[in-house]
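One chain, subunit A, appears in both complexes that follow, with subunit B as partner in the first and subunit C in the second.
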Partner chain A sequence: MRPLTEEETKAVFEKLHKFLGKGIRHLVERSDEDHVLRLNRNRVFYVRESLMRRATNVARDKLVHLGTCIGKLTHSGKFRLTVGALDVLAQHAKYKVWVKPAAEMQFLYGNHVLKSGLGRITEATPAYTGVVVYSMTDVPLGFGVTAKSTSDCRKMEPSGVVVFHQSDVGEYLRSEDDL
Partner chain B sequence: MAFFVEAEARPADTAQQPLKVTAEQLGVKQGEEFEGGLDYDLGNMMACDPSPVDAERLRADPSLACLEMATRITQSLVARLFELPSEAAPVGRIAQLPPPTHPLPRHKPLPAARAPTRWEAFAAKKGIQKKKRPTTVWDEDAGEWRRRHGYKRASDAKEVPIIEASAEDKEGEDPFTRAHAEKRERVKAQAGRQLANAKASAKAMGARAPPLAAALPPTLQLAASLPEHGRGRPVKRREIRDDIKAASRQAGVSTASGGKFDAVLPGEKPGERAAPGKCKRPLVDKVADRSGTENTKVLGMVDKILRERADDILDVGRAVRGLEGERRAERSAAKASAADADEPAAKKRRPFPNSTKGQRFAPIARASAAAASHRMVVAGALALAMQSFSCGCTT
Partner chain C sequence: MARGKGQGKAAASGGKAGRGGRGPQAAVAAAGKQMARKTKAAAPPAKVPPGKKQRTGFSDENKRWLKPMAAKGTTDAPPAAVAKRKAKYAEEAAAVEDDSDRELMDDEFGGAGDDADEELGLDEPASLKAEMWSDEDSSGEEPEAEEFGALHAGGAGARGAGLGESSEEDSEGDEDSDDQVDGELGGKGSSGNSGEQEDDDDENGGELMEVERKAQKLDRARAREAAEAAAEAREAAPAPLGEPAEAPVPFEVLVDAGEGEAGGAPDLSAALRRIREVARVLGNFAALRDPGRPRADYVEQLKRDLMAYYGYNRFMLDTLLALFSVPEALELIEAAEGRRPVTLRANTLKTRRRELAAALIARGVNLDPVGKWSKVGLVVYESSVPVGATPEYMAGHYMLQGAASFLPVMALAPQEGEQVVDMAAAPGGKTTYIAALMRNSGMIFANEINPQRLKSVTGNLQRLGVTNTIVCSYDGRELPRMLGERTVDRVLLDAPCSGTGVVSKDPSVKAGKSKDEIWRCAHLQKQLLLAAIDLVDANSKTGGYVVYSTCSIMVEENESVVNYALRKRHVKVVPAGLEFGRPGFTKYRDLRFHPSLAEARRFYPHAHNLDGFFVCKLKKVANAKKEAPSGDEGEGKYEDAEELAAGAASDPNPDPSTSARNLGAAAAANGGGAPMWAADSSRARGKAQAGAAAVQEPSPAQPTPGKEKKRKSEPRILREAKAELASAGAVVAVPAQRGTPAAKRRKAGKAPQ
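Right, the complex of A and B next:
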């Protein structure tokens, strides 16, 4: 476990900015305990400070998981969000998409969200921003990237892709070993 | 298809003859050319009047005299330029300028040739010619042509399977390690010779020497830039300041631990000794850092990211909508006034008498009802509070 370098921290927060916008401040400035980012192997963990201090007693190769794993750093230094970040994203999401019950399972199997499955979408969502996908009962299902802006969504044909799938809750079952 | 139709439609003679236009048709008046001979250098687009200057005329009115002379000389030069053979191009006519005749001075002096190395000097003295070697060599053991240097080279020293013992060999000595050590010595000696050559060259060429950063380490470069003892003028410190700094930095790092535990010298900044380069240092040196600096650093980075990407300070869409609304209001007002002017002729739809269409309200006015009620609620709450407080005070 080691703290992130300046470039790595920047990569993480730039990625999170696509989903949270100004909400990335809430991740750093918390009313309860301070949370920090730590790196173990190539996984980035968002963990509270007291827990992190206790984890320093565990050897690096024996430490499996710590706090919340929000993503992975690739070999070239790029940051990729994984499903563990959903909890953090859903709390401070800037743009949200609600999916009809019929299309919920499609999304949870890893497919994109089509216009026919779109229930609601936040007003003035630009294209190619990060969105959090919810069910109609406000349960976060996953996150993705919009293909079109809100106004373009209205003019689309029903079989068009609205949100590109990036990660969903079904990955806890599908790719258990990868997490 | 359209091209073919056009070609056929165009008559043949107009396609061959270009359109000729005279200066009078264009309404252009040509100025007077310069009387007297001029030195023309059309390659540099330059015309020079070699005759002595009329001092009287210049003293009388210098700017006017200069203007007249320049105008006439320019006219002559332009006339000459337009007499050059030219060809048609999409942008106009293009003429090829002749090669320039006037030599222009250099901005910087010519770079000095590299000083000859020790071998080059020896070869020049002895008259040894450089022989070009072929890239491939016949390898007897392999039975094929192999390259001289590089991958799968001929007679690679590392690939020797057996070294035969000779009478001079010492007992217990491994010939392979000996060969390896000898090669290392040779490489080291060659590097030393290269360094000596670079140093000598720097010394010989002096100020005109090309930068030696790649060849010489900073400490030796400093030694080379200093004059020899008893020769030349004493060098001032600020002239070789960069050399001194580079040498000091190198010397600081050249200890067993890379200069990490040595005391910082007076006047030396703490980060100076580290070799400049991309250091991937984490935000905090200790994993469980207790100083609290990590949070402030991360917050600073987050604020910077937000500042860079803050495109919602100005909501462009909203501003555009506001502007459009104002323009619509202006247009409708203009229409209303025009309709008033010619009322019987144009039966235009007039807005209702109390209509507020197209008007823009100040935000305060719109929120007045809500604000007033809010103020009343607050005032009521304050009154209650004051009452209880005063009651409390008196009792």
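Right, the complex of A and C next:
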């Protein structure tokens, strides 16, 4: 377990900025306890400072998981968010998309969200921003990137893609080993 | 009419009072008291059907049978025969009620209350009716009416309900409907009068109406059925009663020794039949045995048939028959064949059980709360969608988990802000439950040695939204070294075990376990439990608890392991906080355990509809370790080797007195290589020898075992070594405290400076 380097931290925050915008503040400055980012075997963990300190007891090769795993760093230094970040994103998400019950399962299988499945979308969502996808009962299902802005979405035909799928909770069943 | 109704109401209230109390006897007593009151109150009967001779009160003819129906302590003592039969039926009723199905009866056949009403309605008017129908001078009527009442109260709900219903039919059938109650009286009061009824008819010369005769015939038939049902119940009851149900039957079905093995497939239906027969004989051995065959033959036959039919091996069967009586062992084996119901646990970090249940029901799952004992459990009866793949599951709102796995975490009861260790965490159900109880505060260390199962732990933790957990992959015995001794508040050890309690999940357990394997499991479990206890801080403000649980029913893996820990560390068994479950064993075969082990809880599939489980909660009382008392024969040898190996002290010098003591003590026990439980059994002997051995002890001030805080063995060893050196003339500084550098050096095994 080690702290992130400058570049790595930048990559992480850039990604998070796509979803949270200014809300990144909430991740860094928290009212209850300071949280930090730590890296262990290419996985980035977002964890309470006290927990992190206690985890220094554990040997590097024996430590498996810590707090919340929000993503992975690739070889080339790029950062990819994984489904574990969903809880963190859903708390402070800036742009949200709600899908109809019929299209829920499609999204959970890993497909994109089509216009026909779109229930609601936050006003003034620009294109190509990160959004968190919810079901109509306000249960977070995953996150993705918008294909079109809100106004464009209204004009689209039903089979057009509205949100590109990036990650969803179905991965807990589909790809448990990759988590 | 009004009187009848009033009596009916009073009977009803009396019935409820009686039922709420102590069962048939109380009900009968209540009914008796009421009847006594009523019969004395009602002087002349208000209505008499035409054509009957009018009699009042206790005439000479009625005196013989018309007695108040109180069970005990009344002025008119019932005749001895009546009392004996009453006692027999009350006892039978009590025995049937004591059946573990009782709660089931009360819930499902909730009409037990109605039965009580019926019963009292019947008892009370019986004498009234007798008053009016003075022709029925039956001596046996009253006790048989009582018998009826006892059967009503104590019998299975179905039987009672059936009889209740038929009595209602009876009242309809009666055309004596001036007084509806009288009609009922006519029906019930005459029930159970078999022989006497004919006499009465003859006496009165056809005074009974046609309908009444038919009614009486019906009642007789019903009474016969009731008696047969009672006989069946007695036969089926697990514990045989004092009087045998039928005459002893010579047992010819017993098969010779060689038959089962002589080629061909074993005849399973014959095996099943024989199992039942032998079980029946063993239940009432004195009466039903074949005089030529000893009991061992029957038991052997039973084992062979069980092995053939269910696929167990001999070791498992021997253990099961040693743990349970024959009928209960059969119940357990039968229950273990089937599956336990699918249960899930609502994740309180993300949802509430009520909302989750609503959401799942909307999806088409048929479920119910698992019981009063859990606030988060749901049991799934059937489902049109896969329960493990709903969007709610994927969103982490619940976890599929066996209901028995709730129990260790409920016993552990972690508080917010504590540090908790889960030493064998896969697949993460208990860890996530702990996190939910702690509301993501504090710290949890989830440890799992098997790397393939680690994925499931992390997956479940992430899915359920747990943020306060560190997952590591150590051997559990190394954890105190890694985390530090005496640093956490609570530890949950759901130890790896033989799995004999979850046969339904893994049928290979039936034939695959041997004594060696159990011993090896037990050895590992003992080491893990000691490590768990070492992790806990006895002075923790909120905690200091270790919960040890296994999914096994073997005593060697459960009580024996806890007993070992009680001897090696300053811990005590405390109540686990679980309302149900059988108490742990304090003695088993030739082993004797600490009496507090009765606070541990055992769960069985046939008794609780849970997987076989064992849960024991320990409280750490003091942080020191116990030194092995000298009387610890073979055990002592293993333990000293373990302590030395575990790195508590790497003192390479085997103390001559220690090893001599051990050898001497081991010789006193059943040989040096005796398995653990045999060593346990000779503790009593060993303690006596400890006194003798202590006399020969060169070490100063041997503390009395179990009373004082024990010193570690290393200081004594080294102290003796120093004494030798001192006697040889060297000057040795003996440090007094543990934390000093010299003590640390001693611990590290280096020579004292």
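Keep this in mind: the second predicted complex is superposed on the first by the 179 of 179 C-alpha atoms of A that agree within 3 Å, B and C clash if a C-alpha of one lies under 4 Å from a C-alpha of the other, contacts with A are read in each partner's own complex, and residues count from 1 in each chain.
Going forward, contacts are C-beta pairs under 8 Å (C-beta built on N, C-alpha and C of every residue); 3 or more make two chains touch, one makes a residue touch a chain.
Model, not experiment: these values are computed from the prediction.
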Here subunit A is shared; do subunit B and subunit C fit on it together or clash?
-> fit
Identify the partner contact of A:137: answer first if only subunit B is touched, second if only subunit C is, both if each is, neither if none is.
-> second
Tell me which partner A:145 touches in the superposition: subunit B (first), subunit C (second), both or neither.
-> neither
Kindly classify A:48 by the partners it touches after superposition: subunit B alone (first), subunit C alone (second), both, or neither?
-> second
Please indicate which partner A:172 is in contact with in the superposed arrangement: first for subunit B, second for subunit C, both, or neither.
-> second
Give me the angle at the C-alpha centre of subunit A between the C-alpha centres of subunit B and subunit C, rounded to the nearest 10 degrees.
-> 150
In the overlay, work out which of subunit B or subunit C sits against more residues of subunit A.
-> C
For A:87, is the partner it touches subunit B (first), subunit C (second), both, or none of the two (neither)?
-> second
Touching A:3 in the superposition: subunit B (first), subunit C (second), both, neither?
-> first
Working from the superposed arrangement, determine the closest approach of subunit B to subunit C, counting only CA atoms, in whole Å.
-> 15
For subunit A, which residues belong to both interfaces, subunit B and subunit C?
-> none
How about subunit C: which of its residues touch subunit A in the complex?
-> 359, 388-389, 391-392, 394-397, 419, 443, 446, 454-459, 461-463, 465, 467-474, 482-484
For subunit A, which residues count as touching subunit B in their complex?
-> 1-7, 9-10, 13-14, 17, 21-22, 24-25, 27-29, 34, 36-38, 52-53, 56, 124
Parts of subunit B lying in touch with subunit A, wherever the complex brings them together | 280-284, 287-289, 294-295, 298-299, 301-303, 305-306, 309, 312, 317
Subunit A contacts subunit C in the complex at 47-48, 50-51, 54-55, 57-59, 62-69, 83-84, 87, 104-105, 108, 135, 137, 139-141, 169-170, 172-173, 176-177, 179
